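Shared chain: chain A. Partners: chain B in the first complex, chain C in the second.
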Partner chain A sequence: MGGPPRYTWRFDVVLENLPHLLSGVSLTCALTALCMLLGLVVGLVAAICRLSRWRLVRGIAFAYTEAFRTTPLLVQVVWVFYVLPILTGVTLTAFFSGLVALGFNVGAFMAEIYRAGILSVNPGQTAAGLALGMTPGQVLRRIILPQAVTRVIPPMATTWVALFKDTAILSAIGVVELMFRAREIATDTYRPLEIFSVVALIYFLLTYPQSLGVNYLYRRFRTQE
Partner chain B sequence: MTVAVTIAAMALGAAVGLPVALLRMSRIRIVSALAGLYIDIWRSTPLLVQLIWVFYALPILVRHSMTPLLAGVVTMAFHVSAYLAEIYRAGILSIAQGQRQAGLSLGMTPFQVMRRVVLPQAVTRMLPPIGSQFISLFKDSALVSLITLQELMWQAQSLAAFTMRPLEILTAAAVIYMILTLPQAVLVNYLHRRYLAH
Partner chain C sequence: MGDVIMRVENLQKHFGPLHALRGISMEVRRGEVVVIIGPSGSGKSTFLRCLNRLEEPSAGRIVVDDLEITGPRVNLPGIRRDIGMVFQHFNLFPHMTVLGNVMEGPRTVFRLGRSQAEARATQLLYKVGLTDKLHLKPVQLSGGQQQRVAIARALAMDPKVMLFDEVTSALDPELVGEVLTVMKQLADEGMTMLVVTHEMGFGEKVADRVVMFDEGLVVEEGPPKRIFTRADHERTRRFPSQLHWEAALAGDEPKGAR
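Up next, the complex of A and B:
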C-alpha cells in the first residue's frame, strides 16, 4: 500500500483522561451557574439604574451596558485578568477574574432583557393602575412585573446557553474548565484529534438539551395580549 | 485584519447558509434532518472549540496543515452559516402561507412565487437579524487570536507583552473594538426600527 500510513485512532487515551475532562465539565457547569447568578443581580441593578430619574445614574448604567456589549468577551476577560490588577492593586485568581468578566458581561445583556421586558408592557396599563389609586411601586409589583417576567424568561434562557458556551473562552486565562483541560491533555498526549473531537461532542451533548429547553420556553411563554 | 476576516467569513457564511436553509425546508425527511443536524452541531458547541478543532485536529484527519487565516475564516464562516440558515428559514416561513397559495392560484410557478412574492418581503425581515449576526461575528473574531491569527486582539496581546504596558495597550484595543462596533450597532437598531416595526 502506498502513501502515508493510516491514522490509528487511540480513544483509550481519552478514556484514561476522562476523570480530568469530567472535572473540567463540573467547573464549566459551576462557572455557568455562578456567572449567571452574578449577571442576574448586576443586570437587575443596571436595568433599574437605566430607568432612573437622575441623568447621571442613567448615563453610568448606559455606559456600562454599552461597553460590555460592544467589545469582544475575550477582550473583557483578558482586560480584567491583566489590567484590572494594575488599576486596583488587587490581584485576582484566574477563576475570579473569569467569574467577574463573564458575570458583568452577562449582566449587561440581562439589563437590556429586563428593560425590554418592563417596557414591553403597554404604558396604558401603568396609567390605568395609577388612575385606580395604586402607588407606582404597587403598579410595578402587581401589574408590570408579573407580565414582564414571562416575557423575560425565554431570552434569559437563551443568554444562559450562550453563557455556557462562552465559558470555554476562560481557558485563555487559565481557568481549568473543560476546554483548558482538553488543551492540557491534548498537549500531554499528542492526541489532539481524539481529545478535541470528544470535547466537542461533550459540549454538544450538554448544550443541545439546553437549546431544546429554550425552544420549549419560547413556545410556553409566547406573548398573550 | 479583524475587519477583513469578519467580512470574508460573513460572505462565505451567507453563501453556505442559503442552501442549508433550503435543504432544511426540504420535503424529504432525511435531507431536512441532516441540514438540521448541521445547524445544531455548529450552534451547540463553542466557537473556540470549533476553531481549535479545525486548526489542531482536522489537519491530522485530512493530512494537510492549515494556515491560521484559512482555519479562522473557514470555521467562522461555517459557524455563522448555521445561524444565517435559521435566519433565512425564519424569514421565508414568516411570509403568510396564503400569499404563496394566492401566487400559485394566479398561475405562477413555485419558483416565481419564491422570487417575486416571498423573497422580496422576506429579505427586509431578514436584514435586522443578519445585521445583529454580523456584529456578533465581528466581536467573536477576537477568538481567532487564540489560533495565532494576527488580528487586532493578537496584536494587542503581543504588544502588551512586548512593551509591558498591558493597561494602555489592552484598554486601547477595547476602545478600538468599541469604536468599530458602535456604528454597526446604531445601524442595526435603525434596521430593526425600519423593517421590524409592527
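Up next, the complex of A and C:
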C-alpha cells in the first residue's frame, strides 16, 4: 500500500511526562495575568498621553503604540531580552524581560482600545463636566472613564485571550512556561509530534472557555444607549 | 437690577476660515434676563460657549464680576463654577442617578460631604418638581424632566450667572412648557440669565432685554416689547414673523410628506 510512511504514535510518553508538562501551565497563567495588569496600566497612561494637549507628549505616546503594533512580537521579546541590557546596563531575568516586552506590547493595543472608548463618549459629557467647574482630570475620572469602561471591556477580553496564547512566544528566551516545557520534553523524549499535539490540545482546552467568556461579555455589554 | 456682572468687549471667534463672532460687545446687569435670538449659524451658541470658555475666544475681553476671564493665566475651573450652563441636549451623566447628577458638582468640585450634597441636591430637585425621580437614571426620564435635572445640576454650584443654550430645542412641543416654567421661576427669583432660544413667547414675557444676532454681530437690542413689535432693523422685524411662518408650515405639513 502507498500513502505516507507509517508513524507509531506513542502517547504513553506524553502521559509519563504530563505532570512536568503541566507544571508550565501555572506560569503561563501567571504571565498572562501580570502582562495584562501591566498592559492595562501602561495602556491607560499611553491613551491619556495620546489625548494630551501637549504635542511632545502625544508624539511620544504615538511612537510607543505604533512601534509595538507594527513590529513582530517575537522581535520585541528578543530585543528586550538581548539588546535592552546592552543599552541600559540593566540585565533582567528571562521572566522579567518577557513580562516587560509582552506587557508593553499589550499596553500598545490597550491604549488604542482605551482611546477608542474615551472618544466614543459624547463630547457633550466633557462640556457638561467642565461647565460645572471640574478640572480635565476630574472629568476623565468621574465622567468619561466610567462610561468608557463598559465599552472597552469586550475588546479587552479579546486581547486577554490573544495574550494567553502569545505567552508561548516567551519560550524563545527561556521563560519556563507551558511551551518551554513542551520543547524540553520533546527534546528529551524524541517525541515532538505527540508532545506538540498534546500541547496544542492543552492550549485549546484552556483558551476555549475564555473565548466563550469573551462572547458572553460582548452580549452583556452590547451598547446600552 | 444691580451693577454690571458681566461685560463683553469686542468678542471675536474664528473657526478656521469661518468668522463666527465678528465683534460682540454686551453688558449684563445683576439679575437681568437677556434673551438672545437670531437665525441658526448667527453665533448665538458660540457666544454663550465663549462666556465660560468652552470655546476659546479668538479676541476680545470678558469680565465677570470684576474678574477678567479671558487671557492665558486664568483659573478656568474656578471661573466656570460661577457660571452655570444648561445645554440643548441636556448632557446628563448617564451612569449616575438623578440625585447623583445634581450632587456631582458640589461633591467633586467643592469636596462637599455626601449628606450635605445630598440635602442640597434634594432641595433643588424639589424646586424643579422632580422629588419623585431622585433615584432614577436619566434614560428613564422624559426630555423635559431631564432638562429640569440639568437645570438643578447647574444650580447646585450656586452660580452667579446662568447660560441657557437652546434648552427647549430638542424637546417635544408638549414638554417645552415645564422647562420654561422653571426658567421663569428662576428669573423671578433674581437669577442673572442669558438665554439663547427660539421661544419668542419666553422672550416677550420674561426677558428684560432681547438681543438679535445675525452673522456674528448684534443687529439690535432692546426691551422685548420694542424688539418684537417695532424693531428698528428690517432684519429683526422679519425674524420672529419668519419663525411663526415656519411653525405654521410645520403644523400644516401634509401627512404624506414624512
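Everything that follows uses one rule, which is that the second predicted complex is superposed on the first by the 205 of 225 C-alpha atoms of A that agree within 3 Å, B and C clash if a C-alpha of one lies under 4 Å from a C-alpha of the other, contacts with A are read in each partner's own complex, and residues count from 1 in each chain.
In the analysis below, contacts are C-beta pairs under 8 Å (C-beta built on N, C-alpha and C of every residue); 3 or more make two chains touch, one makes a residue touch a chain.
What you are looking at is a predicted structure, and each value in this text was computed from that prediction instead of being measured.
Visitor: Can A:A46 be said to touch chain B (first), chain C (second), both, or neither?
Guide: After superposing on A, A:A46 lies clear of both chain B and chain C.
Visitor: Classify the contacts of A:I118 with the two partner chains as first (chain B alone), second (chain C alone), both, or neither.
Guide: Touch status of A:I118: no partner.
Visitor: For A:L130, decide between first (touching chain B), second (touching chain C), both and neither.
Guide: In the superposed model, A:L130 contacts chain C only, not chain B.
Visitor: Does the superposition put A:L27 against chain B (first), chain C (second), both, or neither?
Guide: In the superposition, A:L27 contacts neither chain B nor chain C.
Visitor: Look at A:V152 in the shared chain and tell me whether it touches chain B only, chain C only, both, or neither; answer first, second, both or neither.
Guide: neither
Visitor: Check whether chain B or chain C contacts more residues of chain A in the superposed model.
Guide: B
Visitor: Just chain B (first), just chain C (second), both, or neither: which does A:I169 touch?
Guide: first
Visitor: Return the residues of chain A at which the contacts from chain B and from chain C coincide.
Guide: Chain A residues touching both partners: none found.
Visitor: Touching chain A in the complex: which residues of chain B?
Guide: Going through chain B, the ones touching chain A are 40-41, 43-50, 52-53, 56-57, 60-61, 63, 139-143, 145-146, 153, 156-157, 160, 166-167, 170-171, 173-174, 177-178, 181-182, 185.
Visitor: Where on chain A does chain B make contact in their complex?
Guide: Within the complex, chain A contacts chain B at residues 4, 7, 66-67, 69-76, 78-79, 82-83, 86-87, 165-169, 171-172, 179, 182-183, 186, 192-193, 195-197, 199-200, 203-204, 207-208, 211.
Visitor: Report the residues of chain A in contact with chain C in the complex, numbered from low to high.
Guide: 122, 124-125, 127-135, 138, 142-143, 146-147, 225
Visitor: Which stretch or stretches of chain C touch chain A in the complex?
Guide: 52, 54, 76-78, 80-85, 87, 89, 91-95, 104-105, 108-109, 139, 150, 153-154, 157
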